[in-house]
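Chain naming follows the written order as A, B, C and D, and within any one chain the residues start at number 1.
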Amino acid sequence: MKNITTALLTATALTAAASTAQADAAALSIFDWSGYEDQGFYGDYVAKHGGAPSYTYFGSVEEAFTKLQSGFAADLAHPCTDALRKWVAADLIKPIDTTKLSNWDKLLPQIKDVDGVTIDGQTYMVPFEWGNTGLIYRTDMIADDKISIQAMASPEYQGKIAVPDAASSAYALAALATGASSYTDMSDAEFQAASDFLRAIHQNVRFYWSDAGQLDQALASGEVVMGWGWNQSELNLIWNETPAKMMRDVDKGIATWVCGYVHLKSATQSDEQVYDMLNALSAEASGKYIIESWGYAHSNADAFKSADQSLIETYGFADVDSFFDGSLFFDAVTPELEVRMLKEFERIKAGF
Amino acid sequence: MNDQNIIEISKVEKRFGTFTAVSDFSLDLKEGEFFSLLGPSGCGKTTALRMIAGFQDHDAGTICIGGQEMADIPANKRPTNMVFQSYAIFPHLNVGDNVAFGLRKLGLSRAEIKTRVADALDMVELGGLQSRKADELSGGQRQRVALARALVMRPKVLLLDEPLSALDKNLRETMQLEMRRLQQRLGITFVMVTHDQYEAMTMSDRIGVMFAGKLEQVDKPEVIYARPCNRQVASFIGGMNFLNARMTGDGGGRMDVDVQGFGALTIDVNPNVRIHGTDLLVGIRPEQLEIGADRPEGYDGYLQGTVSDVAFYGESVHYYVQAPGTDDPIAVAVPNYFHTVDHKRGDTVWLGVQNASIIDLGARESQK
Amino acid sequence: MAGFLKTEAGKGLALSAPASLYVGLLVAGPLGILVAYSFWTQTYVDIDKTLTWANYIEAASDPLVRHLMLRSIAIAGAVTLATVALAYPIAYFIAFRTQKKTLWLLLITIPFWSSYLLRVFSWKLILGFNGVMNSALLTTGVIDEPLTFLLYNEFAVVLTLAHAWAPFAILPIYVSLQKVDRALLEAATDLGCSKLERFLRVTLPLTIPGIIAASLIIFIPTVGDYVTPSLVGGSQGKMIANLIQVQFGPANNWPLGATLSLVAMASVGFVAILFVVTTTALGRRIR
Amino acid sequence: MKIVTRFPWLLVYAIAYLIFLYAPVLLLPLFSFNDGTIVAFPMKGFTLKWYAGLSGQETLLQAMVNSLIVGLVTATVATSLGLFAARAYVRYQFKGREVSEGLVMLPLVIPGIIVASSMLVLFLSMGLKPSLTTVILGHVFLALPFAVSIMKSAFDDFDQSLEEAAFDLGESVIGTFRRVTLPIVAPGIIASLLVTFTVSFDEFVLAFFLSGNQPTLPVYIWSQIRFPAKLPNTLALGSLLLLASVVLLLTAEYFRRRSTKSA
């Protein structure tokens, strides 16, 4: 937690100093989550253009999609892979010219192949950060050998678990729990099994969290003993000295998400400036910064070598390869399945 | 006062939807005259005043002020100023600024405005209160400010809408005299709307009595008191006993009538319309009746009845006498200076009346 | 035209037109579009503009919609009832039992000049597992285990909203109490009413317009609230507006969202009219 | 006249109710001084760092500026529209007055999400992209009922003969409005400006739907609440806002009381 605060203070100090920077730098508009305006993420861009781009914030990828489809314009946006198919279908984004990316070869190969980073052979996204969604649990309340996704359905934990208020995350959890062959293209029977699992754990759900802080605080206070959440939450708890960790056993089920930057069709700035930013974001220095200061995994493979190894150990990114092999990726779900998931999830949450 | 007409109003009419507020309103006012429009509330007198001021358009007829037709001239361009019933003292301005409000539009110099404001305030005896705020003024002071604010504009006609109704009785009487004196000194025409007959009578040169949108009678106060033209006017000005009568003889000017209860009398009537056999309504003022336990001497008509009620008013006592042949008890007012008369309920008394006290109020069919 | 503008009606219309036109346009325009959308269909990222009843059929046949609608109305009803019932004595106190009316009115409005989101968040701090309430109860030894029924359920939604709408209930009721002629109360006492009878037979019926105004101001927006349920409602507190929000957001199914909005408005309108009619009738029956 | 308190329980209830009203609000300032990111008892140390940290947060300050702009424009437009409408309602009898009055009050009773979503659709179909302008348009709509009701009560006390007096003293229609009407209803206008400003400043749902790349403060706070590490900053900001609102509305109350006195 101290790290983040320091980083934020540094960043804001930098921002304040840069307020006189060239207007040219700020002409590049980025549609992003709040927090990613941190200048440590794109130092090369600041060095070259003398300032930061301008940021517009969204709260969720869905909200971003609605706004973009309504005609909202920006140069770059920051969605995650599972949303990309829809974005492409809605004709919102341009393919990425990988030859213009100076760091393309240094990016983790597994991540470059994720469905969503590339769709139908075209590259649409420059992956930036990735991380895990997994089961975070209180180590003092549940023994390591007793923990499993299936345990979420156990009557023992009534009112003691938390699940994300997002259909895709919930179904990823259910797919892992029920052993579905493919998360992105479940068969009817698999979908039914996954839905049944979500129904089963609904009885135990204390709340469906919509902000990560809600999960962190509930875990810290012992209000819930386990919850499906992001690795960011695990870190938060570690920083707050709460005995909790993420279940990182790939056999028991863990998911990986990848988010990155896409070149919007509504972009108005030159390709050169856009790719300057993309290169800055994917640079090794950026990766080192985000790993050390934010605890997120970065797409640049070199960054893992230059970053503080003890931190990487703590964060659980040490063995990237074996990790990727067994983990479920948040690929773009087929449109029909997505509609079914959304609909069914609403019913499940309402107790139907 | 001279004989020049300052206001000439001819056949003015005002309707609100289907309701006719003022109809067939014609009136000429002389320069320097103090004129009162008197009538009960809702009779249209305020509407008439507001039409002169320009706050209300009229639907028919003409209004001329100083010989100029006013139809297309808005209120802010008319040579009239108004004292409002609520006084309308601007609450955000002090006394001096209130009085100077209109002057500031005239393009006068600062010094000139200052002098005129000071003069106007002196005139209403408020000198030195210039910096008072509106909410620090008493009712009488507010009235004076309103007066000064209007008069400082040197209007040809000053319009006053119930200017004294918000004041208590003593203050009202003082202000009546003061305003009358001020008007006479300035020689400006005042048109005042009031529902108070005593106020109208003490202040005015002439009174116009209005009922239901119609100007019923316009005349000097003493004439309206002595010779009201009909029952409505009579009932609104002073007390009045109404009695039925019938013409028993023809002739010019004085005629014989048979007055209910009192019998045959000879009175002044309108010679053109009254003929033998006409049913008349006549009025007798309570103070013009004599009352006695014995039949009083030297009266033209007599009536015997029973005292049904006694009302003590301080300066006078009113007896209500029920007599055979009359519908309502007849009111008699007796001055209280010597306590010479003292009748009680149930006493049998005599009433006496002079011919000259009988007022012809017109044919009976036309009135209620 | 110039002549018309000089008349009372003309001046009135001319002066009020900007405001009513503004509201009229912004009410009529969106409503029209909402209606149009409700007859269209979403096909992945595009809109199929073939007119169809499908959305309405779906909304009518889906038990989830009915369930959430009924729960929303029930929660909004509970919020309204709780807020008005809690607010009435305060309004009564301010109107009849204190001289410092302005001070009290100020006191009850000041808390609502903070951000609504932060206030809702505060409730989580109070009701949470390690929140103020549980901490206090644990420290004083009243309980051994933190209470879990305080947060993430309908109760928390009702409590939070009853707090949020408090001034909107107190003010209209206070105004209607303030208008009650004190002589009427004395007359009722004079005619032999006890204090309670006097309240039930005179004060209460006379303040029904205030109660109706307060109830509508609270009930209607509450049905449409989705922020509060998503923050403190937990797994059981979701309302119809959350479902609508999902259609306009993650599900990206605007036609269904529009249909649900219209169905919600119609239901709310129906319940509101029913409420006004029955309350007025009840008020008339008091003799 | 002294009212004898016959039911002391009513006073007791009133005080209890006040505690209920104030409890959540007073927590904000309390925890804004807490030296820790997890908001729970027992509190850690006392710190001012969350307040100090506010000054460096450019995006947050920009959001505040956006909210100020939206609030000020909304307050001005809504109050002007409300001023004219209220004057018409109080002073003139005309056909459709009740309809118009009812219409203007409608925004109070239409569920926020419905107004917000349909307005977004309307504005987009008109070619208006989400921006501060659309937020303002939405907020004016929402603030209008408040402006109209406040201005109506301001005009209720207004003696119409004041305007007539000014007109009678030679002022023009516009001059009368400027020199008499405006100064006299000024306290009402100020109260209306402050209340509509507050309504806009605290509005979330419409702003969330209608704002483009310039978030208003409530929208920003919403995104902040999702990040536990930023929470104390938000609390500090919320406390400052609360303080500012109290000052603003006390001023409004002061002016309102002055207007009642002079009427």
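What we mean here is this: a contact is a pair of C-beta atoms (placed from the backbone, for glycine too) under 8 Å apart; a residue touches a chain by one contact, two chains touch by 3 or more.
No experiment lies behind these values; they were computed from the predicted model shown.
The chain with its C-alpha centre at the largest distance from the centre of subunit B is A. Located most centrally within the structure is D, per distance between chain CA means and the overall CA mean.
Across the assembly, the chain pair joined by the most C-beta contact pairs is C-D.
Between subunit C and subunit D, the centres computed from C-alpha atoms are 18 Å apart. We define each chain's centre as the mean of its Cα atoms; on that basis subunit B and subunit D are separated by 54 Å. Subunit C has its Cα centroid 58 Å from the Cα centroid of subunit B. Averaging C-alpha coordinates per chain places the centre of subunit A 37 Å away from that of subunit C. Residues of subunit C found to touch two or more other chains are 128, 130, 248. Across the assembly, subunit D contributes residues 39-40, 222, 225 that each touch 2 or more other chains.
Those residues of subunit B in touch with two or more other chains do not exist in this structure. Here the chains touching each other pair up as A-C, A-D, B-D, C-D.
Across the interface of their complex, subunit D is touched by residues 1, 4-5, 8-9, 12-13, 15-16, 19, 29, 31, 33-35, 37, 54-57, 59, 67, 70-74, 210-213, 216-217, 220-221, 236, 240 of subunit A. Listing the residues of subunit D that touch subunit A in their complex gives 37-40, 53, 56-59, 120, 124, 129-130, 212-215, 220, 222-229, 231.
If you check the complex, the residues on subunit C that touch subunit A are 44-45, 63-64, 67-68, 128-130, 146, 148, 152, 230-231, 234-236, 238, 243, 246, 248-253. Interface residues of subunit D, counted against subunit C in their complex, comprise 3, 5, 7, 10-11, 13-14, 17-18, 20-25, 27-28, 31, 39-42, 81-82, 84-85, 87-89, 91-97, 99-100, 103-104, 106-115, 117-119, 121-122, 125, 137, 140-141, 144, 148, 198, 202, 204-205, 217-218, 221-222, 225, 234-235, 238, 241-242, 245-246, 248-250, 253, 257. Residue ranges on subunit D touching subunit B, taken from their complex, read 159, 161-162, 164-172, 175, 179-180, 183-184, 186, 261-263.
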